[in-house]
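Common to both upcoming complexes is chain A, partnered first by chain B, then by chain C.
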Partner chain A sequence: MEPAMGMGLVALMGAAATVAGCSEDLESDIGSQSNPNSQVQLAAQVGYPHRIFNKAISGEPPSNAMICAAGAGVAAMLMASTDVSPLIAIAIGAFVGALLDGIYSVTSYIGRSTSQKRFNQYVYLDVLRNQVLSLMGHAYITTFCIVLISYVMTYVMVDPITGLGGHPFPFPVIALIWGLCVGAIGSSTGDVHYGAEREFQDFKFGSGLNAADSGNITRFAEAGIRSSIDNAWFCSKFGGPATGIAFGMVVFLDNWRSTVFAHVINGWGAVIAGLTIVLVLALYNRKLETYARKKYGPFPEYAGDIEA
Partner chain B sequence: MSDITVIGMLAENWGSIIGIILGGLCIAVGVHFVPVGGAPAAMAQATGIGTGTVQLAAGSGLTGLLAAGYMYMTLAGVSEASISDVVLISATGAVGAMIMITVTMLVGNWVYIYGVGVPPASAKKDYDPITGDSQAPYVAPGTVGQGIPTVCFVSGAIGGLLGGLGGSLVYCMLMWVNGDPAISSIFAIGVFLVNAVLPSYNIQGTIEGFHDPKFKRVPKAILACFIASLLCGIVAVMIPGIPALGGA
Partner chain C sequence: MSEVSAETANQIDAKGIVIGLVGIYIAGMSGIPYLAFLAGIGAIFATKMGANAVRSVCSYGIGTGVPSIGMLALGMGIISAMFGLAFGWMVDIPFLGPIVGLALALAIGFIVGTLANKVIKLNIPVMERCLTEIAGAGVLVLTGLSVMVAGSLEFPDIARDVVSTGYIAPIFILGALGILHPFNASLGPDETQDRTMVHAYSCGAIAMLIAGICSIAINPIAGAISAVVGLVIWYVTFRGFVKLAKRDAGAGWVGTGLLPPGAM
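What follows is the complex of A and B.
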């Protein structure tokens, strides 16, 4: 394979990963999965029943790993046993992954809401009908992109010097690892935008969230009662794309240094390139921290002694 | 095909068992370095990355494992890699995990700073041990810090390094035993998760990194993970893989 072709594939994987990261985060925002779910769960218990979708199948990494591995497994089986084209096989695999996500979302929403009946938290069938399909749609996009990345790594990428083809891990295992990775990134980055900002928009921006206000989530939207679709609309402006950039950067930078520098200084080139990337990111983070401290300044409530 | 006995396989692969234990201990110590704030961090109520310990450690370590698997194939195919190759493969895996975790921490800080409007600050120390910046005035009232200040960032990068190193080392050791990337990768994921879950009992949801008082509990995790990795290693070397059985 030509080196330019290899770089093109790495770029394609980075682009697919960016889309996957964004849709994964929006899916978890619509469903209130992962850590922000604790507030949605708590809200009814502290006297704030709501119409936000409440699913916590599991943490995001295992649930995404499951649907991506299932999608890749179906795609691999179709490619091995029929002469269907890989793109169609991946699309069908992603559809199966989305169905799994839908099944777990429905059971999770009904189970969680019914268990909170004593707090006047009801099962709203219109919430279920409207939002499960958008959850499944986002899960489809995530699974499709991750399975596509895994397919490229397994079957398409060839080392330009040794001529060895593809990644040695099985196709579904690669999808499982990338699913785990996108879930971990979505849970660490985009979910903060939903959990710390969108769920508590009644509080002043930048005031921090006092632990005493836990559960007091914003339940009214720009117009009417807030639904999870409103949350996806808000998070798609920053949290979702930020997650996409993070996952795209991980896939692109990791594959780029492995592909381009794999044979420099007997393989150590890839390690040195990776360390350089880490160093640059650390310096940028420090610059960002200094900027934030200068821009926002200390909290006015600071009295001199705060117990850790 | 020669006879395969339990004692014979243990005697033949003792080196791999030691490697798996070392890898497991690297993972266990690495998990303590990763600054995780759990659910409170997702609401900007605690310092660290807003997700679970195991999930982030596994996410980064296994990303490193992918890079390590590719490097193993480039260097040695499915045959036994030499010690110097193992060093290079483990270093590649470690750097892969570092890239994943540093990108996650950086973008996490974007969200805290631009999306939530709070500066990164640690509540466990009055001054950042690396930069010397004062922390307490920047901690939001009623919380135990937010975001990922420099000390947590550096600690997280070290955690990624150790996690990726451990996972890749386990993978190499398993490849020595069975020469089958499929079985080795799945078993390496399993060993990784065992050694990431056990230390999370130490961490109890949140830890800021090496400067956190909870970090002093590392020796307990080392003991627990030594025993768990030994058991995993014994089971792992008894799974011969398709090439060792004379198959394809």
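What follows is the complex of A and C.
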């Protein structure tokens, strides 16, 4: 394979990863998974029954690993046993992944709301019907992109010099790992925008958070009582794209360094390039953090309890 | 968590281990490939055993630890299952594989439970017992679904058909979710055992369905049988779950509506 073709594939994977990261984060925001989930789960107990979807399928990493691994397993089966084209196989696999996401979402919404009955938490079937299809739609996009990345890594990318192809791991295992990865990045990058920013944007920077404020996440939106679709609207302005860029960068930079530096100093070039990228990003993050503290701080000094 | 006519942990464990092992042996040693689905049915009962153990140990306020425990189960399970099957193949008695794997998993689970309780001092009375059960469930789910896909107890067959094809990935993660999701999805003070247990059957059936679909690439007819059986079990138990949720929610099961009076 020519180097230009290799770089084209790396770019394609980066683009697919950006889309996957964005849809993954929006999907988890509609379902209030991971970071905001504990606040939604607590809300009824602190006196705020709500109409927010409670999608508690484990954390985000295992739930995305599940839909991606199942989608890749089905796609691998189709490619092995029929002569269907890989793209169709991946699309069917992603459809199965989306169905699984829907089933697990329905059971967690019904189950968790029912288990909070003593706090006056109802099971609203219209919330279920309105949200599940948008969850499944986003899950389909995520699964399709992740399974596509895994397929390209396993079957399409070949070493530019030796001409040897493929990754030593089988295709569904790579999908599992990338699924875990996109879930972890969505959980740490995008969910902060929903779990913290959405609820606490009117609090002073660095003022600390009261556990009793947790229930507020289910209360007021721009108009009326907050619903899960409002959260997707809010998060699509920053949290989703930020997750997409973060995951796209992970996939792009990782494949870029291993494609370009694969044969520099017997493969150690790729390792050195990886370490350099990590170092540069760590320094940049530290700089960004101190900049934000200086700009939006300082933390107000403790001046005794303030009357509520 | 008041329970009327609840199944005890001993009954659930006995069913999980006996049906799990019998299913694995019939599927792996009968020589009739179409019976492979029995290993999947064994895995469903093992899933229930794990889900009940998660339910017991996580009632002690392990909130975010529920998913971690499910992953821990299959982590212990995959090591023990592969060791057991490889051991059976090495000594040339494949029959020994699942039992050696189960014994190893129970031992690992007990050691991990003791470490958590005595060294890390979590001080949860049922910790040792529950982690032992969870590890046993993990190994039975993993062995059961692997034997179902490969249709054999021989380690080389499982390594070729399950591990190197990558079907181990969906088996691993769906098996883990089967153990952790039933309780995780019912977390709250009004959780009931029968609802969680029906949900465990339903999650186990999803794992069986997807593993069955994957095994169509290995043995089309046996795979299709497993997938259809898994689908039927899932449909029946999912309906059962919704029915029990309706029972537990009572008047709180509404088509639509505003928040309850006094909520704003």
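Just so we're on the same page, the second predicted complex is superposed on the first by the 285 of 308 C-alpha atoms of A that agree within 3 Å, B and C clash if a C-alpha of one lies under 4 Å from a C-alpha of the other, contacts with A are read in each partner's own complex, and residues count from 1 in each chain.
The criterion applied here is as follows: contacts are C-beta pairs under 8 Å (C-beta built on N, C-alpha and C of every residue); 3 or more make two chains touch, one makes a residue touch a chain.
In this text, all values refer to a predicted model and were calculated from it rather than measured experimentally.
Student: So, A:A80: does it touch chain B (first), chain C (second), both, or neither?
Tutor: In the superposition, A:A80 touches chain C alone.
Student: Applying the document's definition of touch, where does A:Y122 land relative to chain B and chain C: first, second, both, or neither?
Tutor: second
Student: Look at A:A70 in the shared chain and tell me whether it touches chain B only, chain C only, both, or neither; answer first, second, both or neither.
Tutor: second
Student: With both complexes overlaid on chain A, does A:A11 touch chain B (first), chain C (second), both or neither?
Tutor: After superposition on chain A, A:A11 lies in contact with neither partner.
Student: Regarding the shared-chain residue A:S38, is it in contact with chain B (first), chain C (second), both, or neither?
Tutor: A:S38 contacts both chain B and chain C.
Student: Taking the superposition on A as described, I'd like to know which of chain B and chain C A:P170 touches: first, second, both or neither.
Tutor: Both: A:P170 reaches chain B and chain C.
Student: Using the touch definition from the top, say if A:T189 reaches chain B (first), chain C (second), both or neither.
Tutor: First partner only.
Student: Return the chain, chain B or chain C, that is in touch with more residues of chain A.
Tutor: Result: the larger residue contact count on chain A belongs to B.
Student: With both complexes superposed on chain A, which partner does A:C181 reach: first (chain B), second (chain C), both or neither?
Tutor: first
Student: For A:G59 in the superposed arrangement: first (chain B), second (chain C), both or neither?
Tutor: A:G59 contacts both chain B and chain C.
Student: Mind sorting out which residues of chain A both chain B and chain C touch, each in its own complex?
Tutor: Residues common to the chain A contacts of chain C and of chain B are 38, 59, 62, 169-170, 173-174, 176, listed in rising order.
Student: How about chain A: which of its residues touch chain B in the complex?
Tutor: Touching chain B from chain A are residues 34-36, 38-39, 59-62, 153, 159, 162, 164, 167-170, 173-174, 176-178, 180-181, 183-185, 187-193, 195-197, 199-200, 205-214, 238-239, 242-243, 245-246, 249-250, 253-254, 257-258, 262, 266-268, 270-271, 274-275, 277-278, 281-282, 284-286, 288-289, 291-293, 295-296, 298-299, 301-302, 305-306, 308.
Student: List the residues on chain C that touch chain A in their complex, please.
Tutor: Chain C residues touching chain A: 63-64, 66-67, 70-71, 164-170, 172-174, 176-177, 180-181, 184-191, 195, 199, 202, 206, 210, 213-217, 220, 238, 241-242, 245, 248-250, 252-257, 259-260, 262-263.
Student: Which chain B residues qualify as touching chain A in the complex?
Tutor: Touch residues, chain B against chain A: 38-45, 49-52, 55-56, 58-60, 62-63, 65-67, 69-75, 77-78, 88, 91-92, 95-96, 98-100, 102-120, 123-125, 131, 133, 136-144, 146-150, 153-154, 157, 181-182, 185-186, 189.
Student: With touch defined as at the start, can you tell me which chain A residues reach chain C in the complex?
Tutor: That would be residues 38, 41, 47-51, 56-59, 62-63, 65-66, 69-70, 72-74, 76-77, 80-81, 96, 100, 103-104, 107-108, 110-118, 120-126, 169-176, 225 of chain A.
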